[in-house]
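One chain, chain A, links the two complexes that follow: it is found with chain B in the first and with chain C in the second.
For the complex of A and B:
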């Protein structure tokens, strides 16, 4: 097994009396996407701020590529890419100028900023100033800026928050490509579909604590129901039947319904990530 | 692929970005051009000569006072020769440097000084009074007189002083806006006038003379308003640059672009250094340009002027960092800029009023800078004569610039 790109051991942070992050432990392997799922104020952004060197943990240890983040080592910063929740772009500069500037901070002499913009579908607006960009375009700019140094570790804080489905899908595609390239990705989101689609593993964070960490599949198996929902024609109406897969005689009943001429559809009833989150924390993800 | 970047290269990249951001903002460009054009143009139209004539109100008219005194003095046994000396003492006949406006009535003179009555002089020299509040029209073909100070002599002043009478009181009326030092100068003037009339020190009761520093006697070689204003014009450049720089810093903080920069190999020290270099050299560059346009680089000790300008640029950049870290929007920016820079401009204004640099003005951080500039521009100040001011300025510079750096660093760290 390779060394984790991100290794976090019991880090904590508090804003005065408010404990934002409590003894959080996890790791992310190269090429892996870890979805950090939690509602607003759960401690997701604070965790990213600590891991990107914006603030130091009050306790615990965190390493990026094997180096302690509190060492303030420029080598770490050179290997990471960050997409912030706030769209903190230079509005009076063009998209191309924004990327060229950040490339220069990473010491990249011949940055192919245009190619990066092409990947996120902004090549035709490359020379327009960012203040003329739409919300979706700015978000794509944020993503492209995080990619400009071909990072080994990517921190993506709510990368598709508030975007339309088409833009969100485009951004998810580029995130997958980065992971396939070998980047370790820590993705914070409160969108369960996004976490489910992108993440290799999912961490549920609530009130600063990780309450569950596993693959989405395992979490669903562990916390979801093993049942199917069968819909059948019933005269002029529709009738539904739920069959527990682990009950006695469930297989025979399912076979019987499957052979019925009134059968319309059969759906598995696995739990959604949101349902599991609610079960574990007693609250929803949009809070 | 990224690779380790040297600190100078990082600062260079940040400076390039600062220049781009500055040049793209229409407000900064407008302010810069306004200053660079307006200041030299305004300077061109400032007067190059100095009026050395003092206008003074007096009551009663000196001639009538002398005429009245002659009869009494003759009765007291004065000779014609002694009486003729009185004519020589008639101040109203001395045209050079003194213009007397004579009032028959002390009450009228008092009202003119107070501003409740207007004094006008017609082409033929007649004094006309106008009560504006009573609805009187402006006299035609007449010039309005600006009188801020007047002297009221007792009716028998000359006779009384000649007789050696004690307790003679001369009243000096002064508008509240007249600086204390000028009032003191007038008191001295009355004392001198009385001395001229009596030919000896008189027991005239007046307020104790103020202790004032008049500086070098520059009669006939006065410093023109144009020359006096050069340091202030330079400060206007620094003020505008402070606002622009503070806005640049504030934008970076409020839009949180600084956070994006600081997750790259850039350290907060690189960020602060780039801001300092950019702010200082923008101020210095524009200051130099304005200095060139107003002839400030032709002074004898130009190296002293440049040094002080550099110190002022760093000081104001420190202020801009502080303001930039404090302001929350454009209006907040403007408010904080004005709040901090207007007090710093007071010493620049004080140079227009010689001798008015009160102790509290000297305590303002920009005073030693202005003092050195005025000295270098107008009085041939040297490095050694300015050493004290330079040391004082350096202490303030360290304090203000340090405060600016600390405020911005703390702000960025807590974003």
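For the complex of A and C:
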């Protein structure tokens, strides 16, 4: 097993009396996407801010590529890419100028900013000033800026928040490509579908604490129901039957229904990540 | 700190400058103030008296006017052209000297002298040109003035108000470019979140603040120097003037950086500039009112940069006369560096928490 790109051991942070992050521990391997799933105010962004050097943990240790984040080392910063939740772009600069400027800060001499913009579908608007961009275009700019230095570690804070499905899908595709390239990705979201689709592993975070961390599949198996829903023709109508896969005789009943000429559909009834989150924390993801 | 990264941030700010209304306003203001104040009090629109001469025979009067300082001479070939120029107020006055005029005067023939005055010319210019013309004719005749004029000055000898207002305009150039542009540029980065975006790259807070300081220093230096040139106050020691202007710009920009670091948003930045305005502006009043006790001016920080500019640039003195002021100004600038460092780190933490 390779050394983790992100290694976090019991970090905590408080805003005055409010404990925002409590003893959080996890790691992210190169090429892995770890989804941080939790509602607003759960501590997702605070964790990212600590890991990107925007603020120091009050306790605990975190390492990026083996180096302590509190060292404020430009060498670490050179290898990370950050997509902030707020769209902090230079509005009076064009998309191309924005990327060229940040590429220069990373010391990249021959940055192919145009190619990066092409990846996120902004090549045709590259020379327009960012203030003329729509919300979705600005978000794509944010993503492209996070990619400009071909980072080894990517921090993406709610990268598709509030976007239309088409833009979201395009952004998810580029995130997957970055992980396939070998980048370790820490992705925060309160969108369970996004976490499910993108993440190799998912961490549920609530009130500053990680309450569960595993692959989405394992979480569903561990916390979900193993059952199927069978829909059958019933005269002029439709009837549904739920079969628990755990119980005795469930296989025989399922085989019987499968052979029935009235069978219409069979659906698995695995738990959603949101249902598991609610089961674990007693609150929803949109809270 | 990395000079390379500082340069990259500075280059970006210089490129973005012309797209910022505050940056443009900082450039325009000293020029606008110069025009307004010079128009009201000064000599920018009050040029030398303009005399036109049509000389039919190489008169000595023409040669003497050519040698005179303070009169703008235009030689014309045609009397009608001269008259139309005077009528259009392109000339304050016109003189037609026919061939043999000098000899006729010397022979005591009392020839006719055609002297045209523009109806729109300044009264002062008419008087100067009329008296000069009569005096020159009398000189040609070889006679002496019938009276001896004894000039007695009344009132305290001093500099004209147009000169004493120059520090005010220079002050505005320094405040707008050094303080306001520097401060608001930094505040804008904080408001837009781009300050944080830079901090997650290899650029460190010191690189960014150094770039902002350089931006203000550069702009304030150029504008202060341009203001001095425009007000004909650059003096002959331009190298020494450059030094005092650079020191002044450096301190102004450092004050702007402190305000920009401290201010969370544009509203607070404007409030700071407005609130501290009189404290910053106070020393300029002592140049307008020289009868006030001058030691009071030393209590204000910008005195230490305005006084060297006043003495070296405007009065044409030497830099050795103001070394104490320069040392104090540089001292204040350097002393502000750790203060800004402390405030910046506190503000960075606040920004991260707020974001």
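Please note the rule applied: the second predicted complex is superposed on the first by the 287 of 287 C-alpha atoms of A that agree within 3 Å, B and C clash if a C-alpha of one lies under 4 Å from a C-alpha of the other, contacts with A are read in each partner's own complex, and residues count from 1 in each chain.
The rule we apply is simple: contacts are C-beta pairs under 8 Å (C-beta built on N, C-alpha and C of every residue); 3 or more make two chains touch, one makes a residue touch a chain.
Predicted model only: the values in this text are computed from it and were never measured.
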Exercise. For the overlay on chain A, clash or fit between chain B and chain C?
Worked result: clash
For this session: Report for A:150: first if it touches chain B alone, second if chain C alone, otherwise both or neither.
Result: first
Exercise. A:93 contacts which: chain B (first), chain C (second), both, neither?
Worked result: both
Exercise. Which holds for A:108: it touches chain B only (first), chain C only (second), both, or neither?
Worked result: first
Exercise. Is A:15 in contact with chain B, with chain C, with both, or with neither (first, second, both, neither)?
Worked result: second
For this session: Considering only the touch criterion stated at the top, classify A:35 as touching first (chain B), second (chain C), both, or neither.
Result: neither
Exercise. Can you tell which stretch of chain C collides with chain B among 24-32, 114-122 or 132-140?
Worked result: 24-32
For this session: Take the contacts of chain A with chain B and those with chain C, and give the residues found in both.
Result: 52-54, 72, 74-75, 77-78, 80, 82, 84, 86, 88-93, 97, 101-102, 104-107, 145, 149
Exercise. What residues on chain A touch chain B, complex-wise?
Worked result: 52-54, 72, 74-75, 77-80, 82, 84, 86, 88-93, 97, 101-102, 104-108, 129, 145, 149-150
Problem set entry | Residues on chain C engaged by chain A in the complex (per definition of touch) | 2, 4-5, 8-9, 12, 15-16, 19-20, 192-194, 196-204, 348-349, 352-353, 355
Seminar exercise, completed: chain A contacts chain C in the complex at 15, 45, 49, 52-55, 72, 74-75, 77-78, 80, 82, 84-93, 97, 101-102, 104-107, 145, 149
Seminar exercise, completed: The answer for chain B against chain A in the complex is residues 1-5, 9-10, 13-14, 16-17, 20-21, 24-25, 255-257, 259-267, 415
